[in-house]
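Paired with chain B in one complex and with chain C in the other, chain A is shared by the two complexes that follow.
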Partner chain A sequence: MAILPPGVDAGRFAAAIRRFEEIVGPEWVFTSDEDLHPYRDHFSYLKDQPNEPIPSAAVGPDRVEQVQDIVRAANEFRIPLYAISTGKNFAYGGPAPNVRGSVTVDLKRMNRVLEVDDKRHFALVEPGVSYIDLYDYIQERGLKVWIDTPDPGWGSPVGNALDHGIGYTLGFYRDHFGAHCGMEVVLPNGELMRTGMGAMPSAKTWQEYRHGYGPDPAGLFAQGNFGIVTKMGFRLMPQPEHWRNGLITVPKRRDLIPLIETVNYMTDLFMIGEPWYGSPLRQLMGNTEFREAAGRFDEEEMDRQAAAARLHSWQVELQFYGSERTTLANWEYAKELVARAVPQARFTDGESLPVPLTKEQIHETTGPYPTNMRRNVTQGVPGLGIWYMTGRSEMNPNAWDETHVGLFSAVPRSGEGVLEAQQVFARIARDLEIPSFNNALGTPVNWYQFTFLMGAGFGIPRDYTPEGKKRAADILRRILEENAKHGYGDYRAPPILQDDVADQYSFNDHVLRRFHETLKNAIDPNGVVSPGRGGIWPAAYSSFRGALRG
Partner chain B sequence: MASRRQFIQSGLALSAASLPAVSALAAQAAPGGASQTLRLERFVVDVRLPQAVELARHAAIRGIPVAETSGDLTEIWRGDFAPRWKQAPMALAGATTRGELFVLETLANDHGMRVVYRGRHDGSKRARARHRLSGPAEVLAGATARAHGFSRGFSWSALAGALAACPVGLTPTARLELETEAVAPGPAGDEPLYTWIIAPRAALTARA
Partner chain C sequence: MTGRRFTRLALAASMLAAWSAAGQAQQVRDDEAVARGKAKYEHTCAPCHGRGAGDDGRVMLPGTAALAIKYRGELPPALEDRQGLTADTIRAFVRNGSFSMPPFRPTELTDREIDDIAAYLAVSSSAAAAGSQR
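And now, the complex of A and B:
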């Protein structure tokens, strides 16, 4: 199926392809359906629909000069580009572009680890390096730094950070864009720019002082389309001497409020790694009486049934990094703090392991309480385990079939905020007549140190006809709208929902988006770099806004 | 690291019968096989699925090394496939969930390989089983012909034989939908079983 870039005839496209072949070599320009198959979003509700965002071609540069030439050629031929790193980003659009017919700039071949310093604790990498690659590089050399990996770890630190991806160790490092330090960018006119200290040619501190001098434009390149990032520095966590975890439970529903307040205190003292909240009461959801009480948010009845089942209502798992003594002292202090706030709290010592971990310790599965696949990522060890959730398992008895969309909204970081969000999500599900999992037991993720994100876990009807897919997309948009009414903003979205998410950030007649688009038009007058990404549409492609809505 | 395009290129070279490409082909062909078949270097089985285990048993009888998983492919990938695929792509088959196939297909795409045969087998809550197969016509024809020899109309043994006989090279592809009586063992739940073959691009273009 031949797809052309919008507004480009076959002759001009053929000429552009020839130019791309001159730049990177003909073997690295892909145009056949088979070669372009991996550049589609296989989780998309638009799969096989007439408006599915499929690229017209893909081009694989090996070095930054080639990226510059590709961008210059795109300007000459008015070809929209879409840059990817390793192109994973599944559930958030995968490698698919915002504009059907874009040429994908696949940066996988730029896969060099340029530097890892385990005395000053940073790395400088190209976009094609994966977390697994970086982990292997460090392990093979015995360097004393940890990576902070998302799950799965097959994605790119550059690509993940540029989509505001997250990890699971200490708060600073979990925010992957926040932990970056210096980047190199090919601008839409083909010029090469470096941010921070990289702007000073003689500086030896590119990965140590992020701000450089003057306004720092680095944020424009995350969830944006102001250039193609070709190098990125990251701060790395020094390898701790010891890793420890522990589990805390509290008995009553309203105990969530002091629990979160106390854990926030520990988090903001930089005392703990990622807190992981949950509810032991999930095991009662198979019980009709309890499920009905939870559906009514009948807190008194839920507490009564929890007590009868000898279960606590909430739990949080904490991670500690340091020496054996300091991790123990922090765990003891954590217990003391929580016991002060919730005297009936219970505490379970977790694992206590010296670092570096042995292979046996990494694969150990007999800890005092189940941690599922999270355990390894809190230890900076990348894997593919999260895909376990996409198949049938005890975690996911309703197996994933064809589609999967990540929707996580920022909610207030308080117990009251969480309890309110649960009710909001329940109302949305009821109004849309879709199932919502564990409404009254939903807990936040604290991936970002100072932010709670909540994904309520909605079940979308399994109807893979075009009409069914459209209904599913409509449901997702309704969820976004309803969330926004309560001030819950999505942190990340696939191209099919990016315009909808951007629409919700509408303060003062969308001044933020207008600001972005004013900048975009100034530095990318032909609009060739990833038009539409992040809901930012250059004038040349403004008619495409909302085109993926179906 | 080996790249997808490098293997595409080696596949093109193979059709011109260059020496390195011929030796790549030889590595993929069954030893001593007059008709060249893919040499399946692994059979990936999700041990949670009884039908998959049964199919793997028949694959093992045919000499294909079995790699077990129960959902998390990290160990297989990190400990076995990744180091091998950095050197050269390889042909492998499997019986897994859709999620596991998705992970392996995605990784395979990055290493010059692609899915050449795919089968979906639904069976739960039905009196009859449904098999939807797509891939080389020879594989489908083999599975169908063999299936006719069984009173139930389908067997995992027959399918294992057809997979083991998957030819090298681009062959006409076909689709087949087959509804049969329930096949023993049946599925443990309502999740469909996926059977598949992933092969290097070079091997696919060998006979083109």
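And now, the complex of A and C:
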């Protein structure tokens, strides 16, 4: 199944491949179906369809000069490129490009940890370094810094940050792009640029002062296609001496409002790690009477049944990093603040452990209360444990999640905002005639310190035939449209949905997209760097906008 | 001992020494492959397919748990305990993926690294089998 880049004939493609082989060596240029199979999205909605975004070739440089030469060759031969780091952006397209026939620039071999400083608390890494690699590097050297890992942890700090990925420790570090400090980029003409203090050749503060001088273009390289990032610095959290957690529950449905307001206060004082919200009432969803009340959003009846079951409506688990004394003082203060806002709140002390936790302590789940929290990631320990959710299970021993996709929308960070979003999601499900789970008990994730993201409990049909996948993708698009009507914007998307998500950010006749595309056409006139990524289409490939919808 | 007989014996001794040296060199190469394979396995495969417990109270890691469901006791779920995994078999799963395990690219795992992993798994599974027979 030979695929050619769009508008490129076989002769020109063969010449381009020969050039790529000269640049990186023939053993690192891949063109056979067998070799290219791992460059497809394993969870694609378009698997084996005529418009599945499959690359025509892949090329694996191991140093920045090779990346520059690849970009120059792509301009010469008019070949669209698509850069990946570790290629593990599953649920958001994996390693697959936006344009079928692109040449994938696989940066995995650029896997050097260039520096970790545990006195000034930063790292400088190449794109092929994974979170597991960086964690191992730090542990092997006994350095006193933590990483902030996504879950699972096989991805790349560079790639994850460039898709606005998130983690689970203190707020500043959870925003992986926000915690970056300085990057090196191969521009679409092959020139090498450094941002922040990296622009000053003699500076020794590249990973300490992000802004440098003048406009900082770093944001253009996240969810964009303005260059290929070849190095990136990250601020790292110093290893704390102690960790403590605790559980707070509040009895009534409307108590969510003062609870969130109070937790926001603590969050924005930088007093707590990630708060984990939930609802103890989920255990009542097997009860028909309660489920029907929840389906009607009958708050009075839900409160009555919760009280009858001696259950509280909401919970939040807080965690504290510091010393034994400061974490205790902050927990006591947290209790005081919530008790002032919700006098009927209950508090359960969690665990109080010196850091680093032992492996046994990380895996311990029989704490003072049932927890939803994944403790390894709150301790900056990467793993693949969470991957269980995509695979075989006792309930589905011969099935797996073949269209694993993430859909999380930013909703207002307030109790009112959450309660409204629950009703909106339920209405959307009803209108689309798809099952809706637990919407009345849906809670936000506070991955970003100042943002609530909510994934609706929609039951997307698990029909993995091509027609079934098409229907499911259409449902996802309808959900995005309906969400946007309520101001809920998706934070991240796979290539099949990137045009749809970008369409929702349409203020003033899509001026943001027009601004991006004006810039794109100016610095990448041939449109060779990742055309279509983030819904940004250069003129040379503008006819491909929406091509993955069909 | 005649001179001719001495020569034959000396020749045989030197051939034995050469075979022995070659054998030792091969053994060293095998040991190095097993060591490399162990390191690569622990880095790349064990986070999903390891013998250890899963997190959050799960009994097994996800790959091991999935194979336990698949084999229902007919085969050991942990790859380090599983005999007969040739390099070609491992390569087929690595390059194609299986269920929710995505395929891995040559830039992540080269063919030689897969050979090394096969060498390590042969040793680890033999040791596991010997241990279970004791």
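In this section, the second predicted complex is superposed on the first by the 536 of 550 C-alpha atoms of A that agree within 3 Å, B and C clash if a C-alpha of one lies under 4 Å from a C-alpha of the other, contacts with A are read in each partner's own complex, and residues count from 1 in each chain.
Simple rule for what comes next: a residue touches a chain if its C-beta (ideal position, glycine included) is under 8 Å from a C-beta of that chain, and two chains touch if they have at least 3 such contacts.
Predicted model only: the values in this text are computed from it and were never measured.
Counting residues of chain A touched by each partner, chain B versus chain C, the larger count belongs to C.
Once chain A of one complex is fitted onto chain A of the other, the partner contacts of A:268 are absent, as it touches neither chain B nor chain C. When the two structures are aligned on the shared chain, A:385 is found in touch with chain B and with chain C. Of the two partner chains placed by superposition, only chain C is touched by A:362; chain B is not.
Judged by the touch definition given at the top, the superposed model places A:375 against chain C, while chain B stays out of reach.
Within the superposed three-chain model, A:300 lies out of touch with both chain B and chain C [touch as defined at top].
Of the two partner chains, both chain B and chain C are touched by A:154. Chain A residues in contact with chain B (one complex) as well as with chain C (other complex) are 28, 30, 34-35, 37-38, 42, 60, 86, 88, 108-109, 132, 154, 363, 383-385, 387-388, 390-393, 397, 400-401.
Note for the complex: chain A touches chain B at residues 27-28, 30, 34-35, 37-38, 42, 60, 86, 88, 108-109, 111, 132, 152, 154, 363, 373, 383-385, 387-388, 390-393, 397, 399-401. For chain C in complex with chain A, the residues that touch the partner chain are 43, 47-48, 53-58, 61-63, 65-66, 69-70, 95-97, 99-108. Interface residues of chain A facing chain C in the complex, by the touch rule stated above, are 28, 30, 34-35, 37-39, 42-43, 58, 60, 86-88, 90, 94-95, 106, 108-109, 128, 132, 136, 153-154, 362-363, 365-366, 374-376, 383-388, 390-394, 397, 400-401, 404. Partner chain A is touched in their complex by these residues of chain B: 1, 3, 5-6, 8-9, 46, 48, 71-75, 77-78, 82, 96-100, 102-103, 106-107, 109-110, 114, 189-191.
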